[in-house]
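Structures incoming, each one as structure tokens.
Here come two complexes built around chain A, the first alongside chain B, the second alongside chain C.
Here is the complex of A and B:
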């Protein structure tokens, strides 16, 4: 059943892109728009050398491309997962997807994961030519390792997304959960500012945020050597731990929220 | 069949319950109660409880089309949503093939085909074929079986001739959308069909085709439940109907048997012109002030007042309507006397005021 669900969701997103070519074009272009914006803002306040020194990376431009792609694809996991519920409600398909013979939480997770993987694939395909030009095949190889870290990071993130999606439904509000979560997660991920400069409360929250570990992986891979290789293992362990924690939390929350959603007549 | 049921006991007690249910009745609703809390206001929040269902009970057998009839807000859609496992009742339970919608929703979903809204419910930027394939996969079909089912339902509902399979959902007419909606409900060849106002707002050929398909599905042994407030549709499609008012069944039976209840009366039909609220006030005055069984409904492009009367009291009721119409500033533009229809049975059993105001 789950395999059929995954296939259905991947096909849905594929058809969606195929029938909306302008949407596909925008998806391919946005990483470049993002990097140019961040770079322009950064250069207005200081040189690339300062940025390089503060973040401790070899090539700031490659880092910016790869870290932006990594950060946004990880944050997009939550975006897509939370949007599953509201998107279906807006277009009127929520009641029909809720008729699938699985729990609603399972559908939200599978759908969120499938959309995120496809979206991440498109982002990576978009950024890959720029990385190949800037740092050659070695840079591409590093980026491939990062892509694997992103996929590992998706598992705990999708659970957070599921909690947020079910909360949105259970509260019977169309509140912009994502509008609040996205900037916060980007800040906590440390992709644009080092986490060390944040107040201690935010640093603590950052350590519980999966995207922080994925961005850390991106920095490590940027300066890949034996010691760095060991650090990648640590990042993967941290992600695994968070995956167990958030998925357990997500499972129990989804079961509770589904019964509340069905009592309140939210599925329409 | 019973032996087959017992043999399944070794595999699953749930399956056995399902078997047992199939021997009793395919769809059973028992004492369903559902209340909604309706809250208004931001600073001074005022909430009230609205009882949509108030102990609703009925059953649908395999091989029959059962019509749930009632005005807007009487609880029809709430009932279909509970049977579809999309909504939990506050109390009571319902069973599909013996499986409880409360305790075993996934088994219930495996056995039902649902059509809830004609206009929405599909992906606007996907074609008819892509939409059907997506929902087929979602509902557990795959590979050749799925393609075969898409072919079968397309032939059954004329989707190919109309070009529905290749057309984007956003470019479809209401009739095409309704056919696609029914195709989705039939896709996994379910034992039970639950359809909420399946022909609402459709052109006559599409509505006719859908009614034919529903009859055909009942002939094939399926249990079909439709909700409607179209009494004409109920008379020609349904084997049995249940009138629902204020969240409970107030009368039940075959359309023919139900009409026998008012065979000794006539329907006085007045075509009216006037403000909507004054028409409602007129009907209310006739009901409460004089005990006349009267109701306002839409008759083509005109609003009509239907009043039931015994032949000997016909003159008195006409006189009352003329006098009160003048009082409420309502103009009578036409009048005829008809044989009582199913709508008149509903007026008779509810006194004409069937609306509950529930959502």
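Here is the complex of A and C:
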């Protein structure tokens, strides 16, 4: 049943992109827009040398492209997962989805994950030429390694997305009222700056944020050396721990929220 | 007010999102700068990002909303009640302005904590207010032009908006005109938003405007008048077409 759901979701997204070519073009351009904005402003008010020293990366341009791509694709899983619930409410199909044999929470997770993987593919296809030009085949190979970090980062994040989606249903408003989660996670990830500049409360929250570890993996891969190998293990352990923690939490919350939504009625 | 109350969570969410994005961009750019230059860079950067909020929000709030305005049938009901579409659409800048101001105050608090510099302490608050009001007026008219153009040709406004981002990065809004390379400097002077932005930088830290304060002020107002004229022409063409083919006959692509 889950394989069928994944296939249906991928087909839906495929046709959606095919029918919305302007959106596809924007998706392909988006990573460049982010990097160009940060670079243009950064170079106007400072220098690349300072940036390199602050972030401890070897090649700041390659880092900017790869880190922004991995962070955005990882965090996107939340946006896609939450928007599943709101979208069905808007188009009036939420009641049918909630009556389907598959549990609402499972559907939300599968749908969000499938859409995110497709979106990640598009972002990566967009960024890969820039990385190939800037650092050649070796840089491209390092970038490919990061794909594993992105998928590992998505596993705990999809649970957060599921919690947010169910909370959106419980809050009854028409919009995605948990939409601040994505920029919050980006802020805590330290994609474009070292998290050490954040106040201590936010630094503490960073350590509980899966995307922070994905960005750390980007920094490690950017400065690949012997010491980095040990750090990669630390990142993997941290992500695995967070995956267990958030998925347990997500499972119990989804079961509770689904029964609450069903007992109150999905149409109000 | 009733609508705002009904969407309390949505509005709060919107304000928080705005604040978070402002913080991400500001912290990213600060990573390029030495702490010794924070007293000058922090206020300039902070107000540049606020200017971005002022110029991009109307495009989303008005331009992007045009399709919803038509699809939901609001335009038709306003048409038969003789309500001004331009007035109705342009008033949508009010919630976006309130959210931008609230998120700016929150972002400035983060900046004070992170850098020790208060970006809200500016040299000439009145002139800053005038510069931002002109920028907002220009951006609102640009968004209305986009909305009516999208109505006229049946393409969603964001797909037509190719200038906002370019104007911020290379058009003298995010970066002072004097810091731009030569070909971009000439381009920035042709574009409307660079002039109120130069006035804004003068008001914030006393950075001399590229063409002088009086010339920049005059050009800011002249561009606002030009955009208003262009808006009236496009509004008339778009509404005439909508009345001939029917509002729902536009055929969005």
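Here are some notes:
Everything below uses one rule, namely that the second predicted complex is superposed on the first by the 260 of 268 C-alpha atoms of A that agree within 3 Å, B and C clash if a C-alpha of one lies under 4 Å from a C-alpha of the other, contacts with A are read in each partner's own complex, and residues count from 1 in each chain.
Throughout what follows, a residue touches a chain if its C-beta (ideal position, glycine included) is under 8 Å from a C-beta of that chain, and two chains touch if they have at least 3 such contacts.
All figures in this text were calculated on a predicted structure; none of them were measured in a lab.
Looking at the shared chain after the overlay, A:91 reaches chain B, while chain C stays out of its contact range. When the two complexes are overlaid on their common chain A, residue A:186 makes contact with chain C while staying clear of chain B. By the document's definition of touching, of the two partners only chain B reaches A:101; chain C does not. Shared-chain residue A:198: touches chain C; no touch with chain B.
Of the two partner chains placed around the shared chain by superposition, chain B is the only one that A:8 touches, whereas chain C remains out of contact. When the two structures are aligned on the shared chain, A:145 is found in touch with neither chain B nor chain C.
Set against each other, chain B and chain C touch different numbers of residues in chain A, with C touching more.
Within the complex, the chain A residues that touch chain B are 1, 4-5, 7-8, 11-12, 15-16, 19-20, 91-93, 95-103, 259, 262-263, 265, 267. Chain B makes touch with chain A in their complex at residues 36, 78, 81, 84-88, 90, 106, 109-110, 112, 114, 116-117, 119-127, 130, 133-135, 137-142, 168, 184.
Against chain C, the residues of chain A that register as touching in their complex are 22, 26, 33, 36-38, 40-48, 50-51, 54-55, 171, 173-180, 183-184, 186-187, 191-194, 197-199. Across the interface of their complex, chain A is touched by residues 7, 9-10, 12-14, 16-17, 20-21, 23-25, 27-34, 37, 41, 44-45, 48, 110, 113-114, 156, 158-159, 165, 168-170, 174-176, 179 of chain C.
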